[in-house]
Structure formats: C-alpha cells, structure tokens
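Paired with chain B in one complex and with chain C in the other, chain A is shared by the two complexes that follow.
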Partner chain A sequence: MTVKVRFFARFRELLGTDIIVSPMEGIVLSDLVKEVAGRNREGYQAIFDEEGVFKEFVILMQNGKRVENSAAGMTLVKDGDEIAVFPPVAGG
Partner chain B sequence: MLSERERERYKRQIMLFGDTGQENLKKANIFIAGAGGLGSPVSIYLSVAGVGNLTIVDKDIVDQSNLNRQILHYDRDIGRKKVASAEEKLQAYNPDINIRIIDATLDESNADRLIGNADGIVDAMDNYPTRYLLNGIAQKKKIPLFHGAIRGFYGQATTIIPGKTACLRCLFPSAPPQEVFPVVGATPGVIGTIQTTEVLKYLLGTGELLTNRLLIWDGMAMHMDEISFERNPACISCGTECEASTSRIVASKKEIRRKKK
Partner chain C sequence: MITIQTEDVDIGNLITAAKRHGTGAIVVFDGIVRDDDICEMELEAYGEVAVPELEKIASEAKMIFNLLSVDIIHRIGRLTIGENILVIVVGAGHRNEAYEGSRFIIESIKKGVPIWKKELCKDGDRWVPGEHPHGCGPGK
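Right after this comes the complex of A and B.
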C-alpha cells in the first residue's frame, strides 16, 4: 500500500513533507509516523518523547480527521491514506 | 448613515459591498485581544476599513524588542503603554471610528465583562491559556472567534462560529510549550491580514469563511496549506458528550445534596 505523510512547520523543516511511503499492511498510525520521523533524529525528537510517545501538543490527522494521540497506536493505516503531522504555533 | 467624508474615504471598498455593507461595518463592535504582532495589522486594517467600534486589550509596555513586528508602535513609543500607543495610531489612521482601549491582562475575572456583547473576538494573543479562555467565552456567548498564531516564518488561522463549527479546543486540546518565540514581522503581517479578511467577510455576510479548516502558512517553503477538521464530541469546551457528562455531574451533585438533607 501507498501512504502520504505530510509534515508541517518545524516538522517539515526537519523531515521534509509529502513523503510517499509503502508500509507493511496492518501498520498502525503511531508506528508509521515513527518509521518516517526516525529518518532524522532531531525530527523524531521534536515529535516523540523519550519513551517514544507522541508529545502532547502534536496534532495528527488521518485524511483530514483528527486522531487522538492516545489512539494512534490502535489506528490502522490504509492504502491511499494521507497523514498530517503538525505542531500548533503559539506566538502572536 | 455615512457622512460625505466617510463615503469618500471608503469609496474603493463601497464599490465591493455598497453603502449597506459599509454601514454594517460602521455599526460593528470587534474585540481585539492583544496589541502586539497580530494585533497590529488586525487593528490597523479593521480601522482603515471603517469597522466602527474597536476594543483593544493589552497590559504590556512597548519594548524595543517588539518593534521588529508590532507595527502599531514606533521607536518613540518605547516605555509607553501599548494601548495608548495603539489608540493614537488608529485614531490617526481613521478619526471616524471609536477606539476603546483597556489596559489590562485578560483573565477569568475580567474577560467575560470586557468582551461584553462584541460582534467578534480576534485572537491576537501569544499563549494558549488565554486563547482557551477566549474560546470558552466565545462558546458561551455565541460570539465568533477569529484565531491566529505565529512562530518564525509559520502561521495558522481559523474561524470559529460557536454552535456551528468546531472550536479551538476541538483542534488543539493541549497547548504547545510556552517559549520566547522567534518571529519576523512579515509573518504576523500575513496571518493578521487573513484574520482581518475573515472578520470583514463575517460582518458583511459574504464569501466563504475559514470554518472547520486550519490554514497553515509556511513562509519558508512559501506554501499555504489547509487541514479540515471536525467537531470533537468529547471536546471539553464545546463537546456534546462533555455537556452531557457535565449535566450528569450536576445532577448527581444535586442528588447528593438532596440525600444529605
């Protein structure tokens, strides 16, 4: 299967964006993001904590729908999915 | 009614939305939370567009390090209250509108009263705790909230219409860590003018609002993306599940009280 992973803002700087990957069937969302983010240490650390858990503020979307970070380990990735990962910005 | 002077001042936009549209702007009352990076372009463009009543809240004093982006304030304003500087500039831009300034920090104790019955709230804040406060009041009073936030060369914006769209908490349930954020002035320029465009469209009842969509501006890659999002039924601010569970808690507390009696 083929999946598109889109990173935004600082995550994009570190990891690039619109990354097309062909993960194994049955992969869950958290593992997919880990796999792609794992290509750059700093990028990985921006998204995951030391235990490999999504940082609280990271926003995950699957085909435009928000996935709770806590549910990402149970959410299956399907062929043609578009996954978005981004940090909200806070300044004004 | 518009005066001759107003009709001349707004001539080029009356071409877009007519006397009626301009009169609607004149009658409107917009609350701007913050007179900083986002608050500057927002308040300037709302002023020159002729939005008749603007309230601006900020507690800060102009600092030299603000001047790379907070274009309401000049070098000569260093040390002055931001709201005093804002009032002077905005009234100079447009003497035909009313500017109300409030030198205060928005918090639980005053926000509801200060917002009053505004027609819209512009989020020009620099932190999520205050954004969540504005979001909560917007939900309670059914006032639209025009969200914007920036960092570095990035920014985001969305428009929240309580009762109709997802709220800020649906999208961002947890605040990102607080920091002294890097920024170049053009970024709040971009996002602030997007927020302003949304306010004007809302007041004019025209166009398509940025509802249930988060616009993400990446100045580095020069990309503008958007992400659709939906209401979260479990949202602690607007969720229906949450309302139900809150009423259940209230009900059970009442029951406890009754039993005690």
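Right after this comes the complex of A and C.
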C-alpha cells in the first residue's frame, strides 16, 4: 500500500514533507510516523520523547481528521491515507 | 470570501461588498506583521484542512451572532513588517453582533486552524509558538 506523510512547520524543516511510503499492511499510525521520522534524529526527537511516545503537543491527522495521540497506537493506516504531523498552530 | 492566499487584499473592496440589505455595522480585523525586531515573517498552512476549518468557523459565527456577512482572508508566504496577515470583515445589523462575531472568529482561528508563522530575524529564525498547546480540536 501507499501512504503520504506530510509534516508541517518545524517538523517539515527537519523531515521534509509529502513523503510517499509503502508500509506493511496492518501498520498503526504511531509506528508509521516513527518509521518515517526515524530517518532524521533531530526530527524524531522533535516528535517523540525518550520512550518513543508522542510529545504532548504533537498533532496528528489521518485524511484531515484529528487522531488523538493516545489512539495512534491503535489506529490502522490504510492504502491511500494522508497522514499529517504538526506542532501547535499559530495562525492569525 | 474565505481564502488562504499569498496576495494582499483590498480591504476597501471587501467592505463595499459586505454591505447589503439590513447591514448596520461592519467590523474589520486586520492582523499585521508587527515590528518585533524581526526582518520578515513566513507563514505556511495545511490548506486542505485550514480552508474548510475557516469556512466552518465563519458558518458558526454567522449562526451564533446573526451575522449578515463574513470574509476571512489569511495570507501565507513571506511577509514584511506592516503587511496584512489576516483580514476579517464581519457585517451585521448592529455593532455588538459585529464586534462579538469578529472576536469569535479570530480567537477560533488562533485556537484550531493549521497555520504556522516563522519570524525571520538577523540573528536567526524562530517558529512562533502556538497560543493553544493542543491546536486543532478533537474530531476536526
């Protein structure tokens, strides 16, 4: 399957964006983000704490819908999904 | 008009277009790049989510405050000091509704619309921290 991962703001600077990946079937959202963020140490550390848990302020979306960080370990990623990962918003 | 764009907007034209039968007050909010000892500001948005979110906020504001018109133009890209970042034009029958509706819209944008600002300074760049740590609310 093919999935697009989009990082924004500081995360984008560290990790890039619009990253197309082909994860294994059955992968959950947290593992997918770990896999992609793991390509850059600083990027990984910006998103995950030392125990590999999402930092509290990190925001996740699956196809434009918010996924609570605590649910990311149970949220299955599907073919064609767009996953977004970003820090707190600061518009206006 | 609800949009995210790089270009500036003519606020006078927005005011003219907002006037309609029943309009008694128009409130304009103009968020501007402030001179906080920065050189420029760079803004980015998750447009596919941010525009529908702005539309939702506008609809909610219309319903709650009985507004007759709402325009929201949020700019992205690189902006210099004094440039418009965000223009909100709200039309209502009376001033209280217009003021309250405008305030509701700007606070809602700051709370939950995926847009980010980076200050570009002589001694380095800095992402502006969000005022609301959790950003986008559940289910959005």
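Criterion: the second predicted complex is superposed on the first by the 88 of 92 C-alpha atoms of A that agree within 3 Å, B and C clash if a C-alpha of one lies under 4 Å from a C-alpha of the other, contacts with A are read in each partner's own complex, and residues count from 1 in each chain.
By definition in this document, a contact is a pair of C-beta atoms (placed from the backbone, for glycine too) under 8 Å apart; a residue touches a chain by one contact, two chains touch by 3 or more.
Note that the structure is a prediction, hence the values are computed from the model and not measured.
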| item | value |
| --- | --- |
| Room on chain A for both chain B and chain C (clash or fit) | clash |
| Which of chain B and chain C A:A9 touches, first, second, both or neither | both |
| First, second, both or neither for A:G26, with chain B first and chain C second | neither |
| First, second, both or neither for A:M61, with chain B first and chain C second | both |
| Overlap of the chain B and chain C footprints on chain A, listed as residue numbers | 6, 8-10, 12, 56-57, 59, 61, 64-66, 84, 86-92 |
| Contact footprint of chain A on chain C as seen in their complex | 31, 43-46, 48-50, 52, 74, 85-86, 106, 109-118, 127-140 |
| Footprint of chain C on chain A - complex, ascending | 6, 8-10, 12, 56-57, 59, 61, 64-66, 68, 84, 86-92 |
| Parts of chain A lying in touch with chain B, wherever the complex brings them together | 6, 8-10, 12-13, 17, 56-57, 59, 61, 64-66, 84, 86-92 |
| Chain A-touching residues of chain B, taken from the complex the two chains share | 34, 36-39, 123-128, 148-152, 154-156, 170-172, 174-179, 181, 183, 188, 216, 218, 220-221, 225, 227-230, 232 |
